[in-house]
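What follows are several structures.
Two complexes follow with chain A in common, the first pairing it with chain B and the second with chain C.
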Partner chain A sequence: MTEMLKVTVDRRHPMAVIYTEGYINNQGGEEIARVAYDLIDEDHKVLLLNLQGTKIVNSIGISILIEIIEKMLEIDGKLAFCNLTPTIEKTFHIMGLAQYAKIFPDEGVALGELAG
Partner chain B sequence: MASSAVLREVTLTLPMLPDMEIAASKTATALAEFMEMSSDKIDEVRMAVVEACINSFEHSQADDRKVEIQFAVLGNDEPERLQITIRDSGVGFTPESLVKPRIEDKLKAASKRGWGLTIIKGLMDEVDIHSGPRGTTVVMSKLR
Partner chain C sequence: MSPPSAPLARKLSWEDVLGAAERREGERAYLVRLLQMLCQTQGFKAAALYSQSSECFDRQVVWGSEAFPASIEGGGSAGFESLELPEGRLLFAPAEGDWRRPKGAVVLALASGLRAAVLRQRLKEQSFAVNYRGVELESLYDVGLAIASMLNLEQLGEEILLRAVSLLDARRGALYLRSAGRLVLDHTLGGDARPEMPLDDPQVAEVLGPGLGKDQDLLPGARYLMAVPVGAEPNSRGILLVADKESRSGVGPFPDPDRRTLALFANQAATALETAYLHRQALEKERLEREIELAADIQRRLLPTTFPVVENFDLAGWSRPARHVGGDFYDLMRTREGRIGAVLADVSGKGLPAALMVSTIHSALRLLVEQEEIGPELVRLLNRHISASTAPNKFITLLLAELDPASSEVRFVNAGHNPGVVIRSDGDVREMGSGGLPLGLFAESSYEAGRLHLEAGDLLCIYSDGLTECESPTDEEFGLPRLVDLLRSTTDRSLSEVIRTVDSAVTDFAQGLNQGDDQTLVLIRRTA
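And now, the complex of A and B:
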C-alpha cells in the first residue's frame, strides 16, 4: 500500500548525511539502521539524518532510530536530525530524543555545527 | 466535555494488515481539512491515528483482526472538534498499569518500544481509554 522508504547517503568523512523519502515505519526504520550501521563500519562517527522527504513516522520506526542513537553513544559518535516537520520534531521532544540527538532546522546549520 | 452536534461522521473498518493505518490517517486528514484545521494540527491528528491503529494491530490479539474507527466532526454551527474513536475486540489491558516510557531507560533496554500512548497523549487535546476483556476503545479529540 505504501512505497518502501527510499534512503540515500552523502559521505563527507568523518560525517555522513542520510536522506530519507517516505514513511518511516518498521521496514523504513530497519533500512535506515542498515545504512547507518554500514556507515559506522566505514568509520563515520557523525551521522546527520535529513528527514526533509519524510512527512510521517510511527513509533516502531522511531524505536529503531533509538537503537541507532544507542549505537552512536557506544562508539562516542553523534546522530543528529534536520528538516523535521513540526509534528515529527514535537514527537521527538515528547519522547525525549532531543536530549540525545540534536535537532537542527536545516542541513546547512547542522553541518556547520557538527563540523565545529 | 460540552455537548455538541455531529456535523459529519465517517466510520472505517480496517483489517489489521501492514500499513492499513495509513488509510485511517488519510480519512482523518480529509475531515480535518474539511474543518479547516491548521496543517500542523492535521499532522498531529494523522500521527495520533497512526499510533492508535498500530497499538490495536500489535497488542489487541483480536480474533476478528479488525479495528473500527469512527471519525466525528463535532460543533455547534461551526466545526469545533474532531473526535476519533478506535475500537477493537481484543483482550484489553489495564491502562493504569502502563509505565510511562523514559528515553534514559529505553536506551539501555532490549526493547525500545512502548511509546504509542505517550505520543497520542502528547499530540491530542483529550484522550480517554476504556479497556476490558471484550476489547479496547480509545477516544481522542483535537480542537480546531
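And now, the complex of A and C:
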C-alpha cells in the first residue's frame, strides 16, 4: 500500500511534468514543493502535476500545494493537475485549488491545452 | 519563505515604495522596498522582517545579503540587532560606523504592512480551515454513499483506511477486521503493522481507550495512536487505527474532537462493510447454486435415458430427487450373455454428500459388472470398495437383480434395501428379501443371493423408501400396499404409463407437501 511519496520529473522546457506516487501529506507535499521550486529556478513556467499514483492527500499536503500555486502565480507561471481520483478532485474543488490551477482528466489532454 | 532580495542600487523614495503597492506588485514587494528604504535611510547593510507565530518568529521578507535565519525563537535575534513590532520583529545588520535605531515613518509603515500581511495570512488560514471542514463533512457524507455502494471487500477496506487517514491528517493508519475470533490486518498505510492479534489482546483495549504507550507494536515506530471500533461493540467488525497527527512542524497527538470524527466515520464504514459482506454471501450462495445445478446435471447423466429392449419383457425406471441432487441411483443395463441387470441404490442422507456417494457406487458397479457375474461376490467386492471410500456413518442400501430373458430366471442380492416385490399375474405378491447388510457398514460383510422365476404377466418392482414413505398432510404414509394396489390396477398399461400413474398418485397423495426423500422406481414385466 501507499508509503512515502515518490516524485519523478519529465522536463519539457518551458513545461515540466511532475509525477507523484504515494501519500501527499506533510512530507510528500514538501518533496513536491522542493522539486517544483527547483523547476522554477530552472525557469520552468508551466508545471503539470500528474497524480495518477496518488490516492490520498491530507490538509497539510493541500496547504503546500496552495503555496506552490501561489508561487507560480507570483512568477506568472501556471500549475495544473491531471489524473486525479474523484475524491481528490472533489477535495481540490472544495479547497479552491481548482480556481487557480486547471484540472485535466489525463496527461495527453493537459499537455495539449497547456502547450497551446 | 522568500529568498533574500538583491539590493537595489538606486536610493528609493516614498514614490517608489508606494508605487509598488499601486502597481500591485504585491504585499511582499511593498515590504521589501520598505526594508530597502529603511536600510538606506538608517545606514544598515541588511534587514529582515519576521511575523510572530505561536512559538517563534517566521521570516517574511529580507533586503540585503545577510543570512537571516528562516525562523527565530521567542527571545532570540540570531546575533542581529532587533526591534519589536506589534505583530513581529525587525532584525537588521548595521553598516560599519554610525547608525541609528530605526524609527519614524518607515518603521510605522513596516509595522502596519506587517500587520496587514499577518491579518491576511490569518484570514487565509481561517478560510482554509473552513474549506477543509467542508472536505471533512463531504468525506463523512461520501462514506455513506460511495463506500456503501462499493461491494468489493478488498477495495472497500482500502478506501475506508485512505479516507480515515486523510480525514484526520494522520501520517499512518491500519484497518483490522474480525476473522475467526481474531483481529486480522486488512490494510495498512505509511508503514508496517502487526499482522493479527487476539480480540482480548491488552493493546487492543489500550488503544481503544485513552491511549497507548510508545512501546506498542501495533504500528511499530508510531508515536501517537488513536483507534475506534468499526461498528458498535461487542459485535464490531474490527478496529480502525490512525497514528501521528500531522502539522507543518511534525506530528503530534490527536485532539479529542478527532476521536468523535473517527468514531462517526467508523460507524458508517461498518454499515458499508456489512453491506459488502452480505453481497459476498449472496455471490457465494449463487455460486454454490450454480455448482449444485451442475452436479444435478452430472447426476442426471448417471441415470439411464433409454432402457434395453428385450423380447417378451418391458423395462422402465424413474427417479425424482428431493433436492437438486439426490441419493438414489438406479440402472438397467445389459450384462454378460444377453442378461439384463437392474439395480436400485439408496444412499443414507440427501443432497451433495449423498450425490457424491452415488457417483462412487455408479462407477464401481459399472466396472465390477464387466468383471464379475451379478451375485453375492460382486456385492461383497462392492461393499469393500464402498467401506473403504466413505465416512463411517454413511451407508448404501442396494437391490441388485439379474434377469436371464431366455429362462425368465431372476437372481438377486438385497443389501439392506426394502424388499422388492414381484406381483404375479393372479395378484399374489412375493417379496425379494434381505441378502445381507447395507454397503459401507462392515467391510467384511458377506451376501446371499435369492432366486425367482417370472411368468407371463408378472411384474418385478424395486423401489426406494422415499416412495412408500411419502407422507400426506395428515402424516399418513403412501405405503407399500397402496403401491402394490396401484401396480395391480395397471396391468393393461405400458410400463412408461405405469410410471406416470405412480408419479401422479404420489404427487396427489402429498398434496403439495415438500418431498422428504428421493423417490425411485424400477419395473420389469414379462409380457409373454
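Here, the second predicted complex is superposed on the first by the 114 of 116 C-alpha atoms of A that agree within 3 Å, B and C clash if a C-alpha of one lies under 4 Å from a C-alpha of the other, contacts with A are read in each partner's own complex, and residues count from 1 in each chain.
The rule we apply is simple: a contact is a pair of C-beta atoms (placed from the backbone, for glycine too) under 8 Å apart; a residue touches a chain by one contact, two chains touch by 3 or more.
Only a predicted model underlies this, so the values are computations on that prediction, with no experimental measurement involved.
Superposition model on chain A: chain B and chain C are shown in a clashing arrangement.
Of the two partner chains placed by superposition, chain B and chain C are both touched by A:58.
In the superposed model, A:74 makes contact with chain C only, not with chain B. When chain B and chain C are set side by side, the one touching more residues of chain A is B. Contact with chain B, but none with chain C, is seen for A:100 once the two complexes are overlaid on the shared chain. By the touch criterion defined above, A:8 lies against neither chain B nor chain C after alignment on the C-alpha atoms of chain A. Under the contact criterion defined above, the residues of chain A that touch both chain B in one complex and chain C in the other are 1-2, 23, 25, 55-60, 62-63, 66, 87, 90-91, 94-96. Within the complex formed with chain B, the chain A residues making contact are 1-2, 23, 25, 55-60, 62-64, 66-67, 69-70, 73, 85-87, 90-91, 94-97, 99-100. Residue ranges of chain B in contact with chain A, taken from their complex: 18-23, 25, 40, 43-44, 46-47, 50-51, 54, 101-104, 106-108, 111-113, 115-116, 118-119, 122-123.
Residues 26, 28, 127-128, 131-132, 134-135, 138-139, 142, 146, 158, 162-163, 165-166, 169-171, 187-191, 246-248, 250 of chain C touch chain A in their complex.
On chain A, the positions that touch chain C within their shared complex are 1-3, 23, 25-27, 55-60, 62-63, 66, 74, 87, 90-91, 94-96.
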